[in-house]
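Each of the next two complexes has chain A plus one more chain, namely chain B in the first and chain C in the second.
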Partner chain A sequence: MVIKIEERRGRIIIHLLNKSRFEWTIEPRYWRNPLIVVILWILLPLIMAYYVPLGIVGIGSTTLLSSLILANVIALSAIAHSLQTIGTGRVNFGPQFFLVVGGYVAALLNKNYGLGSELTFLASFAITALVGLALSPLTVISRGLYFTLITLVLPLILGELIFWRGDIFGAETGIPGITRLAHTGDPMNDLLICFYLSLAMVLILTVIVDKILRSRWGFMLGVINEDEDVASSFGIDTKKIKVVTFTFTSGIMGLSGWFIAHYYGAFAGTMWLEPWVLIFILLSSVLGGKAAIYGAPLGAYFIVLSRDILRSYIGGGYSLLLLYIVLLIALYLLPEGLWGLYRKTRYREYVPVIRIRRKL
Partner chain B sequence: MPMSKKVLAAIIVVVVIAVVGGLSYALITAPPPGPTPPPVEKKPIKIALLYNPAISVLKGQGEAAKVAIEELQKAGGIAGYPVEYKEWDTQRKVDVAVAAYREAVVDWGAHFVLLEGVSEEMLALMEEGAKLYPKYPHILGYVGMAAEVTIKVMEEYDKYKFAFRLFDADYTANVLRPLAIFWEAKNVLKVSKIAILIEEAAWTLGARQGLEMTVTLKTPEVTKTIRISQKPLRELAREMGLTVVYEANIPVGTKEFLPFLEGAKAAGAEYIFVMSSWYTDCITLVKQWAVSGARDIYLELYGGPNHWTVFWNLTGGAALGVISGVFDVPDYIPISPYTQPFIAKMLGRGLRVDMSAHYYYSAVYHFKRAVEYVVERGGSPFDIDAVIKALERVPCEEHTLLPAEMTILGSLDENFHSYPACLPPHYQFQRDGKVVCISGIENPFRQVPEELARRYFHPELVKSPAELRAGG
Partner chain C sequence: MLHVSDLTKRFGGIIAVNGVSLEIRKGEIVGLIGPNGSGKTTLINLIAGFYKADSGRIIFEGVDITKKTADERVKLGIARTFQIPRVIGNMTAWQNVTYAVIGSRRFKEKKMTLTEASMEALYYLDIVGLLRKRDVLCRDLPIYELRLVELARALALNPKFIMVDEVMAGLNPVEADNVARLVQRLREEFKLTTMWVEHVLRIIMRSVERVVVMNEGKIIADGEPREVAKDVGVIKAYMGEEVVI
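Moving on, here comes the complex of A and B:
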């Protein structure tokens, strides 16, 4: 039989070709809220695109959609960064380095070799993951402040390289003329396509990371995060796990760069190496919910939308100042992040989170 | 109970009186029918400004455009059409600039968009604009470097025709301006051995390595192959009869200039030319020069805060003897009747004027000229294709730095959709921050009319840094 469906212990179990199995918990409290959130998440841009007139929140619908797209890009890197933090027990202060590597791979392959966005997608992931693999011994030989400092220097080195080999990377001007992700002839439709593409990437990554964290592999990541020496004493191959985690998550950050290059049609690495990118990614992880996977998109949306709404209402130099003050206050008042607010009122509800103490 | 006939008659009378009276009142109070309908308000021409007011130099440039827009509004708009203006903060970030651009064009309906930002923003905006233009026709203007901006328009005119770089193309400006500068070094400063320091950024690539390329200009009317050639600075200096004794590239963002300055001194340079922009910390550079072994060597700066007279204060007087183009001197050479009033207005608002600020102010007037040209010929100011063609054809007589005949944006050469190189006169910071125009009247590259040059140029006033320090 190709598909076999059975009900067992409050779950519907679907067997496919007697090989793979899909389980669905019947009790609604296990899936009701995530489903509502995903539906709202999908409908939000449509409402914004067609039903929010200019001025309701101070900014127009195109700006709102642009903000949501950037939030997705930041969320993608933030989720990867959270997983990396959990799996290596180290905080990477150079996520934008991998983002820019992925962006340049896409831009250069598209511009110089005419590769389409589908192929550059694979190449960006593969090459950035390879760069991550080459750098992954750092997770073995250094920890704490040393690891942080090393990763902090990586973007600076890349920045110098971009200027030094301006003939390849275009220095501060970057690489224009990259094939766009969508070109339907209607800018609003293009924006919606880009939003849903970025949203799909975030959702797929969230599901993958969720599966990883709930698996045996996720348990080992958690133990490494808790205490690497204890993990080793239990026979966990910490080196292997750290190298694999660092490599995979680096590749995912590279995909953020891929998206940026094809979304804007021009890529200037120097712009994306700036500290605000690092701060947005780190704050999305922490303010979202201290490396809680579901918190990262929440944090990214909060930060990017706050920035754009403040910019629209206040403008000038004060909006950024106010944004960082708001973020600092939020960090102070929400020790468990925005996700913690949700968890606080629904502590009995099952939601997969890392339940161990992390060294953040 | 049935209504009596008397009551019914009374009601009918009251109703008739009310109806007749009401109609009469309406007729009496109604406005008399006139031969002409009430005037219809003309649709406004919308100008959007994208800039970052948090950075003083970008604020100054954005404000310059606003000054011109305010002047147009006061004068009753453009060709009888009111002018509306709105600004967006880009925070000098590509993603914010693109979002602001979309909002300006799609949500607000801008007809003209002026970007005050960096080249990476402009290139991203051009890509976005290519998408927006077919449904939302508009014109995108930018003042800044990056040859790519001009080359893209030349090679893919149909896609990027809405984009104008209302500045000079770097590959021509970075040849002609240094040549004019080197002529001054040789003939006014009387030096022969020079040092060249070049900021290591994309816009100086040609100045460092030279540039050779062929571009095909493809407009609906013309297909033309154009050869772009830029010699490195060292070769330009040699052609001018100068000896380059020292050359170095300055990393972007460096604060340590002493090794370069001492290197120039050790090589026996008599003059140091720094090809700088806002990426170079010219204030730190000048402060270090003033206390280095090279302090007796002439120092000339290209771009940066040295374009402001207030550079003297910013350096705490260390700029004594420094040579540069300075663009907010109150009695700046009046290239057009708008030059000095514009500077006065900006200074009156506490704002500084660099070279780009002049161009932003002038850009608004160039838009005005193009719209007027279209309207005068019976066209609509909202026929953006026609306005683009007009911009390519019509000179801007209000330009504050370029003679009107040079302000053609559609010349079928390497300057297409850009202006030819502006070769401004040179000034020296002298005692107490006095800024003196030291350009030579005989400079073959001079663009200032001879009559004005004779009045404003004072090459005889140039002094060596040592002389100035000694109280000269």
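Moving on, here comes the complex of A and C:
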């Protein structure tokens, strides 16, 4: 028989061609939850796109898919931001700066030099990481409020530069005519391709960051996040780790920009330097679960979908007002974030969380 | 082993350590005592690389470490404990010792894996008698056990020279005796050169071979415990009366 299913010792065992077998424990507390979540994450948009044409939340399928894509982009930056916060012990208030740098690298190289999206992907990561490397001494020489203020100013400087050199960056209109990631002729197919590409980026990054946090590097990042002085007193080269973390995570944020440029086919940096991008990324980290990397996508989906559902029901400026009220209430009611609801059942595992220092 | 010469540290107008010169020989156990604010912990912080000295030099095993960072000094074999335990409260006792193993020079030299580092951490927890508490978050441990975690963590760095900063503070007499015995045992088992800062004079005077007394950032006496206990300057500055050993 090709497939044989049997129940043995509280497990369902599926034999395939008498060669390989797949086991699943029946008792729910032993279920492999990450696997279930990933399967749902992959299937849900597909179901929503084709089987629920009007969406279950009052918004159309294309709008819903666009929202999910934006959520993935925000999640990508939020995961990188969470790792950066853990590994440097500092909260960066300018993640959108790196996003915009990555976006412009992709846009300019594609438009001016005809580089394809594969090459601009590498270039966006490399150049944004280099910018991150150049700025990484900030993690060594400043901390607390000073670091926050410096990173808060970075997007403002870039914003001014975009207007000053409008001939290069296109000022508020941006750079149009960038090669799109998907151009099949069917808008729904294009959206699905872009969704799955963005989802793949988020999943791959989650796996990479998960591996990092479970390794010796994760231990060292965690100690730096909790107490940098203790870390250096116990042989951890804090400077090196902070510089490497800041550089790597800056590159990842740049990839968010790369995706935006090739997804929309145009890139206007001024739009992505706006405060809502910063707020969405920070809130995704915190509301997701205080820099828990698995919480960041959860937070991003919650925020972006809440915004679009409220917009479709209420519309206008009131929807944004209500969104921020909803987010404030969620922050108040869930101090450990959305991920914290799940984590409470597994409190023994150590996962570094944001520790914002009040003392300088 | 350790040679400190003319070391000075200022905090604004206050001179916390004022031209201190000190020599510690290999295998020695030296007590560092002095009234509150005399500069003992600042001296430890300077030797550990926690603070940068304004002037003076620190030589460890022939290497000038004055300008080296704290983690570089750890790699050379200098370890310390903190006056107020500074463990990571959100980590278990086991994890707290594990990161110290990861930070030690042995971790790189032996190309250890995280699992091997964890196993080695268990060994140090066992030595200090905390194996049973390995999975308890440090924020849930009492002060006595936090002191033991600190000692295990310092040992995990595989040090040659260890600075123990007021390890008995906040402990009852029985716990203080236990810790004192443990420090002695560790010193013998691991052949550690030890500098021990303490306020509990009766214990330190009988536990160390040499006592250095600091007052107002300067060393005012240096010698065997019996001699120092009778030193008029020391009695006046610190003890108020002669200590019977």
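Basically, the second predicted complex is superposed on the first by the 311 of 360 C-alpha atoms of A that agree within 3 Å, B and C clash if a C-alpha of one lies under 4 Å from a C-alpha of the other, contacts with A are read in each partner's own complex, and residues count from 1 in each chain.
In this text, a residue touches a chain if its C-beta (ideal position, glycine included) is under 8 Å from a C-beta of that chain, and two chains touch if they have at least 3 such contacts.
Note that the structure is a prediction, hence the values are computed from the model and not measured.
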**Request:** Evaluate whether chain B and chain C can sit on chain A together after superposition, giving fit or clash.
**Result:** fit
**Request:** Could you look at A:L133 and tell me whether it touches chain B, chain C, both or neither (first, second, both, neither)?
**Result:** neither
**Request:** Look at A:G317 in the shared chain and tell me whether it touches chain B only, chain C only, both, or neither; answer first, second, both or neither.
**Result:** first
**Message:** With both complexes overlaid on chain A, does A:L70 touch chain B (first), chain C (second), both or neither?
**Reply:** first
**Request:** Could you say whether A:F234 touches chain B, chain C, both of them, or neither, answering first, second, both or neither?
**Result:** second
**Asked** Thinking of the overlay built on chain A, is A:A268 touched by chain B (first), by chain C (second), by both, or by neither?
**Response** first
**Message:** Under the stated touch criterion, name the partner, chain B or chain C, that contacts more residues in chain A.
**Reply:** B
**Message:** Output check: A:L44 vs chain B and chain C. Expected answer is one of first, second, both, neither. What do you get?
**Reply:** neither
**Prompt:** Touch check for A:E172: first (chain B), second (chain C), both, or neither?
**Reply:** first
**Request:** Mind working out whether A:M220 is in touch with chain B, chain C, both or neither, as first, second, both or neither?
**Result:** second
**Request:** Superposed on chain A, how close does chain B come to chain C by Cα atoms? Whole Å, please.
**Result:** 40
**Request:** In the complex, go through chain C and note every residue touching chain A.
**Result:** 48-50, 69-71, 74-75, 80, 86-92, 95, 98-100, 102-105, 107, 114, 117, 135, 153, 157
**Item:** chain A-facing residues of chain B, complex
**Value:** 53-54, 87, 89, 91, 93-96, 98-100, 102-103, 106-108, 118-120, 123-124, 126-128, 131-132, 134-136, 146, 148, 152, 200-203, 205, 251-252, 279
**Of chain A, residues touching chain C in the complex** = 215-216, 219-220, 222-223, 226-227, 229-239, 348, 350, 352-353
**Sites on chain A touched by chain B in the complex** = 54, 59-63, 66-67, 70, 160, 163-164, 166-167, 170-174, 176-178, 180, 183, 185-188, 190-191, 264-266, 268, 270-272, 274, 276, 308, 311, 315-317, 319-320
